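Data block below; observations after.
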Amino acid sequence: MASDLNKQNDFVSWKELEEGCKIYGGGGSKNFNTGEWRVDCPVWLADKCKQCLICTPVCPDSSIPVVDGKRTDFDYDHCKGCGICAKACPFGAIVMKGAED
Amino acid sequence: MSKALEIRWHGRGGQGAKTAALLLADVTFNTGKYIQGFPEYGPERMGAPITAYNRISDEPIRVHSNIYYPDYVVVVDETLLESVDVTKGLKKDGAIVINSTRDKEELRPLLKGYEGRIYTIDARKVSIAALGKYFPNTPMLAAIVKVCGIMPEDKFLAEMEASFKHKFASKPEVVAGNMKALTMALEEVR
Amino acid sequence: MSIRERLSGNEAVSIAIRQINPDVFPAFPITPSTEIPQYFSSYVANGLVDTIFIPVESEHSSMSAAIGAEAAGARSLTATSSCGLAFMWEELYIAASDRLPLALALVCRALSGPININCDHSDAMGARDAGWIQIFAEDNQEAYDNFVQAYRIAEHPSVRLPIMVCQDGFITSHAVQNIELLEDDKVKNFVGQYEPEHYMLKKSEPMAVGAYGTPAFYMEAKKAQLTALQNAKQVALDVAKEFAAISGREYGLFEEYKTEDADFIMVIIGSAAGTAKDAVDALREKGVKAGVLKIRLFRPFPAEEIAAAIKNAKVVACMDRTESFNGHNGPLGADVRTALFDVEKAPKVLNYVYGLGGRDVTVESLTSVFEDMQTVAETGELGETYRYLSVRE
């Protein structure tokens, strides 16, 4: 049985906490929207993109989805706005914009 | 409180006093006794004086201390008489068995006023004759079994033969020599 | 029919491990526990077990590997002593907080310094707050029996905590004594197959072990861990009952030797308890109502049960085979005294440090403790309550 992460939260009692704080069932991080932490925001300029896919593996949060061998737009639910992808892109196809922009 | 027969072994690291104590524990265990066999606990250093102990009893043994008032003392190396107080605490009606070529009355002055029985055996002679090498512990084991009378000699020899056959299963030629050492030692101790 | 044998404590524990046939045994040698992995590696080489034996480069690694193996779903264990246990320090806490029921054969030895290889309980006592179940043996028989029972306690669903099976270095580990072994299949059936509900190699259920616990979770995690440890008390009793059925040997949380009507009770752990029983018998012959309470389960500490067992004594002496440097009492002394604090008309309590670094413990030295207790009862004067036994002034 996968852990119910809606219950393993800041309000969980010691009796309901999973034994040894273990988490059962994979992929739990999908439910955790780290995108809320983002201050600066990467923007993908599709017309400049050569689909070299250098950006995808350097993303620490797996927030550049690849479909049928081609990257698509950012997963903003999980992108923390670290800007590594923008630094890595050789073609200026990713630009960082401030939160206010 | 302990009703156990208590034996203290004095030897030097590498001479097999600990092994002899464990063999004595083995052989008396096989006669249905409760036994303890243990070395003086510490780092093993070749040539350094070491002590090992046996308790043998008809009742379970609970005490876990060293032995301070032994019934018998075995001295595997004669040179220890000068550096170690081997008769310390030795009971008057007990006995000491010393590996020596010397006469027992010649040894008595070295025993710090000890007045009890002394037995000697030339374990080097026995070992060289039987095994061609100097392993004093086998003759000393036979000597103490004879002196303390813990079991009949034939029973002792039978048990030891079985034990040697088990221990030296891969080199059976050693068994005969060790048995010879035991038989000779039973004769030679005096 | 049990098997009559004569074995050292280390041999006995090695045989118990062979009979259990665990999955993974990472080890690094240290005196006086070295013989356990040494004997066991010969069982591995001779094909008597199918355990994976991993020689590692340190105790830090042996405990880490045992933790990893246990989390993966393997029944695992290791053995150590003294500085080896100290080098496992952080892993001990991880094994317990990750709720991994692995076993550790601890052969108790003094911690340095001065450097010393002989027996005292400073290693085990230093680890008493790590969250492990700690169980102690008086002799080779108890070391064997405790090990056979260990996984049943540790792996119980209401517990799932690591267990430290302790015996006294050299005094029992290297002394050959009579022992009764159980047949291999009896042990195998008693211990049973390890079938964890969750484990990392389970294909159908990925899992995370060792997640970060923020302040929002940490205290709940500790409370849950403590509850599991407390559960070990009842489980240890239940397992002991089942063990008695196959062995005829009975175990409790502690052993009471002539304590029922005793005026003077010594509370003690390990091999010296046997020596204390001989002292008690001699004192009883002289009409002194002496008794011994020997601790078997030290963590969790059976405080209420101990208080009930000793509350009617006039004087109690707690024997600590370690120096804990609080200047007032040792770990056992502190625990027993606390247990008695709420008891009406509690007995007076003396606390002795004894047997450090292999200092020999004799019937005479322990008798002197009973004499001290009598003096306290006669004069009503407690005097210094934290004392050293058999130390040269």
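When the chains are written out, they are named A, B and C in that same order, and each has its own residue count from 1.
We take it that a residue touches a chain if its C-beta (ideal position, glycine included) is under 8 Å from a C-beta of that chain, and two chains touch if they have at least 3 such contacts.
Bear in mind that the values here come from a model prediction, so they are computed numbers and not experimental data.
For the pairs B-C and A-C, the larger set of C-beta contacts lies at B-C. In this assembly, B is the chain whose CA centroid lies farthest from the centroid of chain A. Chain A and chain B have Cα centroids separated by 77 Å.
Remark: chain B and chain C have CA centroids separated by 35 Å (rounded to whole angstrom). With centres taken as mean Cα positions, chain C sits 48 Å from chain A.
Interface of chain A with chain C (complex): residues 2, 10, 12-15, 17, 19-28. Of all residues in chain C, only 97-100, 160, 198, 205-211, 213, 216-217, 219-221, 223-225, 227-228 touch chain A in the complex they form. Those residues of chain C that touch chain B in the complex are listed here as 6, 32, 117-119, 138-139, 168-172, 174-178, 271-272, 274-275, 277-279, 281-282, 358, 360-363. On chain B, the positions that touch chain C within their shared complex are 1-2, 22, 25-26, 29, 34-39, 41-43, 60-66, 68.
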